[in-house]
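In structure tokens below, several structures.
First chain A sits with chain B, and in the next complex the same chain sits with chain C.
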Partner chain A sequence: MANGNPEGRTAAALPGTGPAAAPASARRGLLRDVRHLALFTGKRLLALFLTVVVGVYLTIIIANMGGQVDELRMAQIQSEVAEQVRGDPAFHDLDSEERQELMQRQIDLEVERLRLDEPFIWRSFDYLRQAIFLDLGRAEEMHSDAGSRQVYNIIVERLPATLLLFGTANLLVFFVSVFAALSLSRRYGSRVDQGVIALAPSSAAPGWFYGIFLILIFAFIWPLLPSGGMVAVPPPEDPWAYAASVIRHMALPVGAMFISQIFISIYSWRTFFLIHSSEDYVEMARAKGLPDHLVEQRYILRPTLSPIVTSFLLMLIGLWSGAIILEQVFNWPGLGTLLFEAIGHRDTPVIIGSVVIFAYLLAATVFLLDFLYAILDPRVRIDGGSQ
Partner chain B sequence: MAGPPLLEIDDLRLGYATERGTVQAVDGVNLELRRNEALAVLGESGCGKSSLAKALLRTLPRNAYPPTGQVRLDGRDVLGLSEERFRREVRWVRIALVMQAAMNALNPVVRVGDQVAEPLRIHRGFSRRAALQRAAEAFAEVGIAGAFLRRYPHELSGGMRQRAVLAMALVTEPDVVVLDEPTSALDVLTQAAIMNVLKRIKQERGISFVLITHDIATSSEIADRVALMYAGQVVEEASAQAFFTEPAHPYSQRLMASVPRLDQDQPPAAIPGRPPNLLDPPHGCRFADRCPERFDRCSEPPPATTLKGRHNVRCWLHSKSRGATT
Partner chain C sequence: MTSWLEGLARLRKYPSAVAGLLLIALLIATAIYAVTAIPYSEAQKLWRGGDAWQDLPVNAGPAWIDRLHGGEAARTVRASSDDATIREDAFEGVRVQETVLELDFEYGGFPSEVNLFLNSDFESRQPFVRLTWRTPDGEELFLGARRVGATERVSISQDQRLEGRLGYPPQVGLFTDTPPGTSEPAVRQGTYELVIETVQFEEQASLEADLVIYGQVHGLFGTDHQRRDLTVALLWGTPVALAFGLLAAVGTTVTTLIIAAAGVWYGGWVDATIQRLTEVNIILPLLPILVMIGTLYSTSIWLMLGVVVVLGIFSAGIKMYRAMLLPVRQSPYIEAARAYGASNARIILRYMVPRILPVLIPTFVTLIPTYVFLEASLAVLGLGDPVLPTWGKVLHDAQAQSALYHGFYYWVIGPAAMLMVTGLGFAMLGFALDRIFNPRLRSA
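Here is the complex of A and B:
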């Protein structure tokens, strides 16, 4: 289609060709599209799976310090077994040689159980296999509030708290900033616009920094809201009262995140919309006499939906890992706090478990995005179908 | 071609705010367009011809000052209309625009047919079906098969996109179509094809065109009248016949001499120098610095002089008061 004239003219000269040829070619086109789609899906899945495998394996290596953790664990087992044997009155009358032998046996058992006698590199592949099949194993030190030592249970118990807090804050920031930005891009250079630009550097400070001030002001100087936690102690029985209590506890951390993110977010979306509202087709739409709201919907938002949706979805999955310091500051029982504790305890299974789940979520999102792009942008669709 | 002017531009002035001051892009332009007439506005890049087109449809960029002067359609000033009334009563109802489609004139994520049909739905309240029906007729008129209505812009070649943009301008049957460099990015064959479509439409539909271009050859194909702009002003305006055969302004003459010709041996002559800075245009004739026929009076603004016929030129050489002070 380098030069459209010949096609355009022949097609015009033979008005029957277009519609008559349409069904047959459409069916052929559909078949070709399905085959192409299957191939594309397969390729993408394979690529994403490899990405997950590499990511998880790197985490396994790093969390185990490339096998260094084994030596620490060895020393730990030795001291624990020694402690146990010495502290057990049943073994008090054994002579030292027998006791030594007993200890060695117990250590050997433990080493065999943890398979520390095998080289780390072999075990690392085993860990990888388990992680990939979401067999996250047992935590070494930590347990869930309900008492389970399964890494999966520990993570799942903390997940809702993080999602609630960060989901609320980020959704608020996202929608407020996109719509504020759209209206600012129309009032480019106005006082409000300049104000937002001036305030954008406020986002250099993280949410927890504002959190400290918010706690100081609204929990201590002017005690309106609780300074931390997720719900009052003891938790209210009535579900409405419970919800109200959670909302009161959320107000400050959500406020802190909102303050720290909103201005930079509006600023960047505003710039984004400004760039896209100087496209020729936007000028054309205005010249055509479309009312402003239609120009915005069809000619600014619609063509830019792909990057907007991308950033929205990446934000959504980014939520799940939470923010370690913010949760600490507000004493919020979420995943950030969990990860912080896991690192402190050197609880490798918990750390790896978190990463595995995140890697899968990320891969699933990217996969979903590939299809959304095709729905949102016809150029992606057709280019894929014809090449 | 008699009759009252359909479109009159009267002392139109338009400036852009820049960091270094105001750029006076259009500085006192007077033009008129009659029914079924094609007016070519010629000029080098930066002479203000595109700003003129944008001012006609009020699609000026954000840093433009509101234009002053008058733009009259059938004698009624539309420059003073409110934004909303201008949108409802002028845009695409009276004046439509054809941009360079090779650029980005079509929304990449909306089917071409829907974009072509859109003005009918906005201004005439057509149903989607009826509007698409009319869009198909407009497609036939510009020589594209109706099947392409369902395609997206990137599936069309440059020439077809340009035809689609043209069809979009015709669906609402406006009185004036402003063509802003409609063929600049197309190859010569496609250019010729588009110009033929334009000529046919002009004959069949009686639409008036304002053709903004830097391409003298293209403009000579279709124009009934030619206005040549230089540094924000119209320096000469005449019938195409008069302009191309006996240009009166020294700039017009030099411009015509700069067009390469196959039938003559001498190489095309460039005009030495460059157009004046529109941040601070010279007080007198704006072409004076580059003009070989410059004389004392040229340091004063030349008056618009009407030669025989509707032939207007802004040059002291043709002024009756020439030499009054010499």
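Here is the complex of A and C:
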């Protein structure tokens, strides 16, 4: 997240690599834009960081409301100490009473070291610091495929799979629906248009719901595609074959998300474009005799881009949550399946860690779209976002 | 108020709205029927499983689907010693009873299982039984002899030795006259008899016997792996889903609206706090938090409902309502209300909130299925309410038992269809309402 700032600068500076003979005033304008953009980005980063801190802190409070985390830690300490004492040959001659005493002493030491004897409110800040720096602790039962017990490693291992699946599906839905909506808004009232309106309620069901049917139809009734997983077992050696296998496995989950999102997206954007294409300036452009595609690109799409981006953000946020079950249904080895497995093992550190990671993902989404918004919306660029 | 009624009257012009209303009416009728036919405590008890279902087959599909296909799959047939003739001979110190359980087997398919339940009320000496199977042609087959405890379950279809003698699994071998190893076994229809010869060692002791020939199909919706009739879950899932969806939708929309109105009215730091809280809340991932709470505390549906409402209060909707309410704040009628000395609460609740309620109605209606699916999602993850039967829990069981892999499609399709009907009903109504109550969309 921290390197969002320089990236922003380069992205905004790209249009500036125009002809060197550009007038000085244009360059000044560009500099001003970049400065405002940087200021805006900085402000948003700070604000989002604060929201993440508050969000994660709330998560910690919720997680520890009944002293659950403390109890778990106590149990862990006790078992570790007992193991240590029993395993150490130096203590073998002690009788049970002395051994108990020794164990108790070590437990007390450990409790003091971890400050479990202090009130929760002090320690909660400690947990917060750890969580913010993604020091998520050790898992109780689970381990990553590489064998690590660190919650951070377990989660990071699963992240690419989730990003791949959801990135693909979201981008697909986004572009298909925007362009379909544009063409529908031109032919509104037609059969296709009415069909889309009639189909829009189908989006009431989440992706995993359609996933069940897709699996039923395409994996069991006509076994064309695999019913779950990410690659064939054993994974193909050749990178192209590997990619092909991943794509085959992605087809059904992406299809499920696509079906559940596409009609509502087309519907809402079609309505949106319809409202905007009846604005006076659009009528004016039409009256001037501008070709349709120019009217679309310059007079409809350009001013509506920032609201489009905002609704894309809201859709993304919704999809992150739906991800958990979709992944579970398709046995996709991502964050959602991880969370599901963690529920099965009652592995609290992993569950809390996943919530923290999800919070970061959402914050990153919000930031990315804020940033796009800033580039797209001239008001932010010119006024420095001081609304 | 009149504009609302007009709007509702206009609903009739939208076929999708009428269809949606019909679906909702159907669901409400189902919910009322479920609650009256099976009381709450009864539903909980039934869904816990156990003896109540011992007469039902495991994983049987719905009977009507089989009949539609023209199949003749077996249904469950029972024969009880209560209806049987008992012949008794008394000897010195012992009595010998002969009970003949008769049953007509007229199906084209083999049963899935054969169990014999024996109940005996002896005091100290267990009775001894000898079981003989008699086919319609009069052939006799010895099924074994054993001592009987107070309650005994004889799983005839799992008798390995019998399977060895018959050359088929017993539930097939007992009902066919095709010799093993030749061709596909064919069912021999007719009247079968199970002869139970009991040796009682006590004066007063008696023996009750129930023979259950389990079918391959059962009822409207089939049964699951614990022999539970899915009808119970599908029926009772309806009121649970509707209640959850409705309460969550009411709880979140109404509080959100009031808070947005309060923020707009008071402005300043109140508004700023609400805005910041909303931003924090957007970052909190709802489902993972629900999962966390379900794992750490309790999966009670009412706790989940509470959390959903609390987390839904500061939802993204606040920003939308705020944008709508800002111009309302400046309108003359609010000024008039202030002039006559209306309190802040009165202005917010009586003047500002009702103004944008019509816009809220479509959102509200479309929110209901979202929450219904949320509850189902939690249940699919294994965090369903521990005692109540819900659609999501049925889906979870089906998933856990690899229903699709084993070909038990009905197990998934039943609850999924119920969810779909709920989703479609409310969404269709909601979309129509949206076009009626949002004037900007009306022309479109």
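Here is the rule we use: the second predicted complex is superposed on the first by the 234 of 387 C-alpha atoms of A that agree within 3 Å, B and C clash if a C-alpha of one lies under 4 Å from a C-alpha of the other, contacts with A are read in each partner's own complex, and residues count from 1 in each chain.
Keep in mind that, in the parts below, a residue touches a chain if its C-beta (ideal position, glycine included) is under 8 Å from a C-beta of that chain, and two chains touch if they have at least 3 such contacts.
This one's a predicted model, so the numbers in the text were calculated from it and none came from an experiment.
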Checklist entry - Now for A:D377: first (chain B), second (chain C), both, or neither, which partner does it touch? => result first
Item to check | Touched partner set for A:Y188, first chain B, second chain C, both or neither | outcome: both
Checklist entry - Between chain B (first) and chain C (second), which does A:H36 come into contact with in this model arrangement: first, second, both, or neither? => result neither
Checklist entry - Does chain B (first) or chain C (second) touch A:H276, or do both, or does neither? => result neither
Item to check | Partner contacting more residues of chain A (chain B vs chain C) | outcome: C
Next on the checklist: Taking the superposition on A as described, I'd like to know which of chain B and chain C A:A287 touches: first, second, both or neither.
Outcome noted: first
Checklist entry - Is A:H143 touching the first partner chain B, the second partner chain C, both, or neither of them? => result neither
Checklist entry - Of the residues on chain A, which ones does chain B touch that chain C also touches? => result 188
Next on the checklist: List the residues on chain B that touch chain A in their complex, please.
Outcome noted: 57, 59, 61-62, 87-88, 90-93, 96-97, 99-100, 103-110, 118-119, 122-123, 140, 143-148, 152, 154-161, 163, 165, 168, 187, 189-190, 193
Item to check | Contact footprint of chain A on chain C as seen in their complex | outcome: 16, 20, 276, 279-289, 291-297, 316, 366, 369-370, 373, 377, 380-383, 395, 399, 404-405, 407, 409, 412-413, 416, 419-420, 423-424, 426-428, 430-431, 440-441, 444
Checklist entry - Which of the residues in chain A end up touching chain C in this complex? => result 47-48, 51-52, 54-55, 58-59, 62-63, 65-66, 68, 188, 197-198, 200-206, 208-209, 212-213, 215-216, 219-220, 227, 271, 274-275, 314, 317, 320-322, 324-325, 328-329, 339-340, 342-344, 346, 348, 351-352, 354-355, 358-359, 361-363, 366
Item to check | chain A residues touching chain B - in the complex, by the definition given at the top | outcome: 1-5, 7-9, 11-12, 15, 17-19, 22, 188-189, 278-281, 283-291, 294, 298-299, 302-303, 305, 376-379, 382
